[in-house]
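Each chain gets a letter, A, B, C and D, in the order it is written, and its residues are counted from 1.
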Amino acid sequence: MHALLADSTLTGGLLTLAQSDFPHALSTLTLNHYLFVSAAMFALGIIGFLTRRNLIIMFLCTELMFQAAGLALIAFGRYHLNFDGQSFVIFVLTIAAAEAAMALALVVLLFRRRESLDADLWAELKG
Amino acid sequence: MTDKLALVWPEIWLFVTTCVVMVVGLSPDLRVRKLCGWISALGLVVAIGAAVPVAHAGGLFPSITPYAKGMIGVVGLMLLPLLAGTVDRDLDAAIESGKATFSALRSNRAEFYAFFLFSLTGLMLTASADDLIWLFLALELTSLPTYIMVTISTRGTRSQEAGVKYFFLGALGAAIFLYGFALIYGATGTTDLAEIAAAFRAQSEAGGLNTIGVAGLAVALIGLCFKIAAVPMHMYAADVYQGAASGVSAMLAFVPKTAGFLAIIMLCGAVGWTHGATHDSLPAPIYILLWVIAAATMFTGNLLAIRQSSVKRILAYSSVAHSGYMLVGVIAGPGSGHGTFWDNGIAAVLFYLLTYGVTNVGTFAVLASIQKPNGEEADDIADIRGLHGTRPHLAGAMLLCVLSLLGMPPLLGFFGKVGLFTSAISAGEIPLVIVLGLNSAIAAFYYLRIARAAYLEPADEHVETRAGPIPQRVFAAVLSASAVVLLLTVAQMLMERSVTASGYHAPHAGMADTPHEALDLTRADD
Amino acid sequence: MTLADTDLHSYLPILILFFAAAGFAVANIVLTFLIGPRRDGARKSVSYESGMNPVGTARKRFNVRFYLIAMVFLVFDVEVVFLYPWATTFGNLDPQSSHAGLWLFRILFFLLTTVVAYLYGYRKGVFRFD
Amino acid sequence: MGVSMTTIMDAILSAAVAQHGGEAAHAAVAASHGVTGPLWIGLIPLLPLLGVVLVTLLACFNEKSKMPAWISVGLLAVSFLLTLFAYLGWNGHDAIHLKLWDWIGLSWGDLRGQTLAAGFAFYFDGLSLLWMLFVTGLACLIGLYASEYMEHDAGLGYCRFFAAFNLFVFSMSCLVMGDNLLMLFLGWEGVGLCSYLLIGYFYKKKSAVDAGMKAFVVNRIGDLGLLMGMLLTFTTFGTLQYDALFNQIHTGLTAGGTPLSQTWQVWAIPLLLMGGAFGKSAQLFFYVWLPDAMEGPTPVSALIHAATMVTAGVYLVARMMPLYLADPAHIALTAVTWGGAITAFWSATIAVAQFDIKRIMGYSTISQLGYMFAGLGVLATTGGVFHVFTHAFFKATLFLSCGAVMHGFAGQLDMRKLSGLWSINGFRVVVIAMLIGCLNLSGFPFTGGYFSKDMIIAEAFVTPDSVIAGSSWAGWLLLLTAGMTAYYTFRVFFRVFVGPVVYEPGEDLHAHDDHEHADAHGHGHGHDDAHDHAAEHFHPHGPKWAINLVLTLLSVGCILSAGLYFLGDHHGWAGGMVHASSAVVDTHAVEGGEEALLFGQPPHEIMFYISAVFGFGGILLAAWFHGPKGIAGLLIGGRTTAAEVRMDPIAKALRPISTWAVRKWYVDEFYHLVLVTPLKIFAHLFHWFDKLIVDGLVNFFGATPRVSSDAIGESTQTGVLHDYALRMVAGIAVVLVVVVLVLF
């Protein structure tokens, strides 16, 4: 099971996803590609979170980060040929949904109070 | 799998209680609605009763659950009276005076208590976690309810501001540690903590830890720093503690912190304190990371607390600093395993969490028990000036709790801190011990300032405070202060329990060879 | 793993996909601009051509109950995510084995929590529009 | 009934032993003999602790009823019954052990004496059983008394009182029942705290707060002795557990193997422990706090400052008797003897001249405690312990009677303003209880006090001067004191409780709702005016059922306590109890079979007559000087008013002495001059030192954190969500960079 793991290819060179019946053009896609996309998504999420002032967009950015992690999990799960990654993702999705519900509730509440979704209007507490 | 169910009976009881509270709290009859608190207390008592007998669970820390869940239940029970009357006071008053009729949509009581119990359920689940997925879900179940509790804890904009900051930064933190979890999974191919530990062990024996795995651990630990309010993820703490009602702040200082530390201990346990030159510390990158975070957290927390005029902010920053103290215990690790409290950093952390939780309730409860003329709870240090003259028992409770937080012998907090000191010394962490000692001295500045305001300074003429209308909160304050003293009689036992709880089932590489149980549903029954 | 080690060739499909998507979008806009008829008029400029005339601002507030309904929807929505894997695997279980009962019991317990959520929503008055 | 109960208890006990077989075997290693007690023994102290919790709970919920009192009395009654069961189930010679949990376990090495271990464990032998019987019993009764006495404070104050009251019983139980010196110390500090809290109960009254502080400070000085004694005990014997300690002493060697008699510790430890005991029991130099402690509510004075807490010192010395006997020169025992005897006499001289009846009782307590110590010193442990027991009853009775007077007359305690209570409606029970208490205190023949006091004084004459230096002289001093005791006791009785009816209300500390009192307040304290006015409007109110019931029960207890002298074969019941404890003294071995004689007779026989003579003499003198005209004064008294007595001319003639006695020999002033004033000067000097040098240093070092604090705080904590997020991310980057930099 952990043959793949035991050789340290994960840290080393190029890895091919261990599935032979993928369409040919995609079969050269390796774990690295997925990880790269996932890292890019995560970074974009952080950047978006830091630069956008709209609460909803900021929340979407955190969702992006969650899904980045989800993508990494799926890729790793595929790589390791087990279901742990996939089942993890299902739960991540659940949590993301719960957070979405809360975020929306919070946004509605805050918008009612300030008539604006600008996150930086809330800076009364400081020091 | 069925045996896992037996381990989570306390959580199941709490969950059932939560369901009951959620429905009962929406009754149109005020008397029925007021049962929420009592039902919650009952549920917690049952949960404690169910937690204590569970002696052995699998995983890296097989005996942690009875102690951890007992502690969570007890501190939860102490938090309950403090949380009494946080929501729905205006609504109940309006209904009683006939100005309003009951509307389920406007009432928050059911949600408030249910969220409290949900959060504690999540916390207990964190303690029994043996899997990354479980750990992630438990941590989120602990945190998500607190976001809402902060937001609805008062009717003012401050708690809403606190809520928005807490939620968004919390989501950021959660995403970060989730990403870390994903990387850990990638490096080891399993989400089971014991198997992860075995895989790490195998890697380290085969020549070195997987880079992705170490990176994942580092990212996860940094994300978890949000839960424990450690540098650099501490930014939210003061604002959120100040904005929320005192009761909720007290909860924030215990519940997410405990969850974070349990998770950190488990992750560190997964990689093991078996690295370094003498095979008794964490892997160098993780060690340096935690070292830097611990030192920075202690200094930042204590230094920022000095300049505050709001007691809540002081307590918030002190809570940051306490996280730094406890990280020292995590770095020290479970020690040589001779079984004494004094060289076991994990036991010290577990014991410290208890002392901190118990003591912390008292400080916030004192604030919650004092009402300013505008109906707000006390916050500024001016509000507790001359408390000794007007409300001596609250002043006494404040004094005891503050001194215990400071680690003054012979109060409970002293023994907590001594454990951290001695375990760090026996682990050879002398520079950290010096930092810890230095910071304990700095902490005296602001703790004694609180004590002095309550005892030695006359009440300000223009600041008029009066007894809050909720006697339960006074009870919480007195209870906490008495616990600071009375728990000393059982301190030895608690220390021994924490040593048992910290029993670390060190991974061995052989475990990695056992086939990973795939989801083989076609397998014949056995 | 450093970037230098990676074979950038393997990113080619992504790049192609990206360009294909972008190209499709751009091509459509350009084509419309080039070959589409242009007839302006008052009726043409309304939001919904041959539809209902929108009155008032589009930023009108909705009743908060829509939000509550959305929440309830979310509960059932997410529930399905868990039901699906369960349903696909349950069929593979040997009906005689004790596992089968256990698996059934688990999903029933899970559904029961949804019932509690439903009950809570009912008590809260989510389903009453008045 | 008693037999069957004993059988049941035996059954339970043996079952418990069987259940804890392993522990019992373990205990047998540590102790030569002993049985493991049933778990419910642990309830005896824990029930009052539960009371503290419940009463606090009530306080937090602003309970206004008498519920705190009923909860306390109920729990204390159960506690007392459990003690009684434990006593009935006790086999009469072996100590009962019960370890609830490990309490302290510090270890810094594997050698003997490098592990400081103490269990939260109980140790029931004759001594602790005897103590617990009267502690829980009296606490229950006095709690009942206080339910009425404190009723004007119903509400928060009431709860505060009963919470501290319960906490006191818990602490006292730990002190007495603990099976090691650390438990004793825990209880010791606990009772000290409760005493402090309860003396200062009327916290708005400055004198009460000062008195509390005085008691606290004086006790701390004594505690220092106890603490040092404990440390020395540990370093010398390597243990603080009683059985292990006594076994070690029995071997005559220290833990290191040195013969005890050659060490300095053998006399230093008992002396240090004596210091602690004298502090708590208000002996010698330490007595000053006890009279002031009378500022506390009377039930507190009765329970804590007369019957139980102040006997903790006696308990300590009795418990540690093997340690005292280990010294062949008996230095500490001699000190205990003379400390006790001198204190007994000294405070009697003060009591003779006081006018405040509660203070007289306070001084008499000090004096009687002196007897107890003297008794222990001259090896009459049975007498000393028996006197503790009888004294607990009669002194509680006396105090509670005084309390009833105080309660009825709005706080009046001045004997010059009260007279003839017998003839005032509703005070009959009080007067009878007072009479019984006075007879006991003055050692009237065939009362409990008579027997217990005689045992002490007689033993002082029995013990040869070669064993305890000046033992017989101490005996004479104690005899003289017995006469004085009888005199001042009946001085109170004859002046206040019989004779013409005269009364004047006091300053009314505890806000009665009677409007007359408010009027009495409004007037100045011009004697005649206030008197006339008060006489017009003031109506003393007699005690109601609770106080009367308690006084009756206690009086019966006083009378019955005399009967204990005739029980058992070791000089009475108390002797039997002492015999089954560490306090037992083999007098023949210590005295070498040599017994001194008094007037050619064995002192124990002749003492009955001698002390009776002294007692009668004192009473007669009191009757002559202070008794009223008429039958009650046995036809020799001549008092017709409250204030004027035959003693006055004599007091006038002896003015310097009498003034000094009234002013308590100026001891307080002396202490003030010698101790407090230099301390104040030192404090002023230190203040300036503090201000100029320490503050400067602190400011210097304090500025550094403060400046950096402001720098960090203002730049980072801006309150803007995005700034926070940015700083968090930047912080993560910095931390990671640091990690990488350190790694490579």
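Just so it is clear, contacts are C-beta pairs under 8 Å (C-beta built on N, C-alpha and C of every residue); 3 or more make two chains touch, one makes a residue touch a chain.
Only a predicted model underlies this, so the values are computations on that prediction, with no experimental measurement involved.
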Chain closest to the middle, measuring from C-alpha centroids that were averaged per chain: B
Approximate Å spacing (C-alpha centroids) for the pair chain B, chain C: 36
Intercentroid distance (Cα basis), chain D paired with chain B, Å: 44
Chain A and chain C: spacing of chain centres that average the CA atoms, whole Å: 17
Cα-centroid distance, chain C relative to chain D, in whole angstrom: 78
Residues of chain B engaged with two or more neighbouring chains: 164-165, 168, 172, 176, 211-212, 238-239, 307, 519
Numbers and ranges of chain A residues touching at least 2 other chains: 10-11, 46, 49, 87, 98, 105, 119, 122-127
Of all residues in chain D, the ones touching two or more other chains: 713, 717, 719, 721, 725
In contact (per the touch rule at the top): chain pairs: A-B, A-C, A-D, B-C, B-D
For the chain D and chain A complex, residues of the former touching the latter: 713-714, 717-722, 725-726, 729
Residues on chain D engaged by chain B in the complex (per definition of touch): 49, 52-53, 56-57, 59-62, 101-105, 107, 120, 160, 186, 203, 702, 705-706, 708-710, 712-713, 716-717, 719, 721, 724-725, 727-728, 730-732, 734-736, 738-739, 742-743
Contact set on chain C toward chain B in their complex: 1, 89, 92-94, 96-99, 102, 113, 116, 119-120, 123-125
Of all residues in chain B, those that touch chain A in their complex: 132-133, 136-137, 140, 144, 147-148, 151, 157-158, 160-165, 167-168, 171-172, 174-176, 178-179, 181-183, 185-191, 199, 202, 206-207, 210-212, 238-239, 242-243, 307-308, 313, 512, 515-516, 518-519
Complex contact set, residues of chain A against chain B: 1-2, 4-6, 8, 10-11, 35, 38, 42, 45-46, 49, 55, 58-59, 62, 65-66, 68-70, 72-73, 75-77, 79-80, 82-85, 87-88, 91-92, 95, 98-99, 102-103, 105-106, 109-110, 113, 119, 122-127
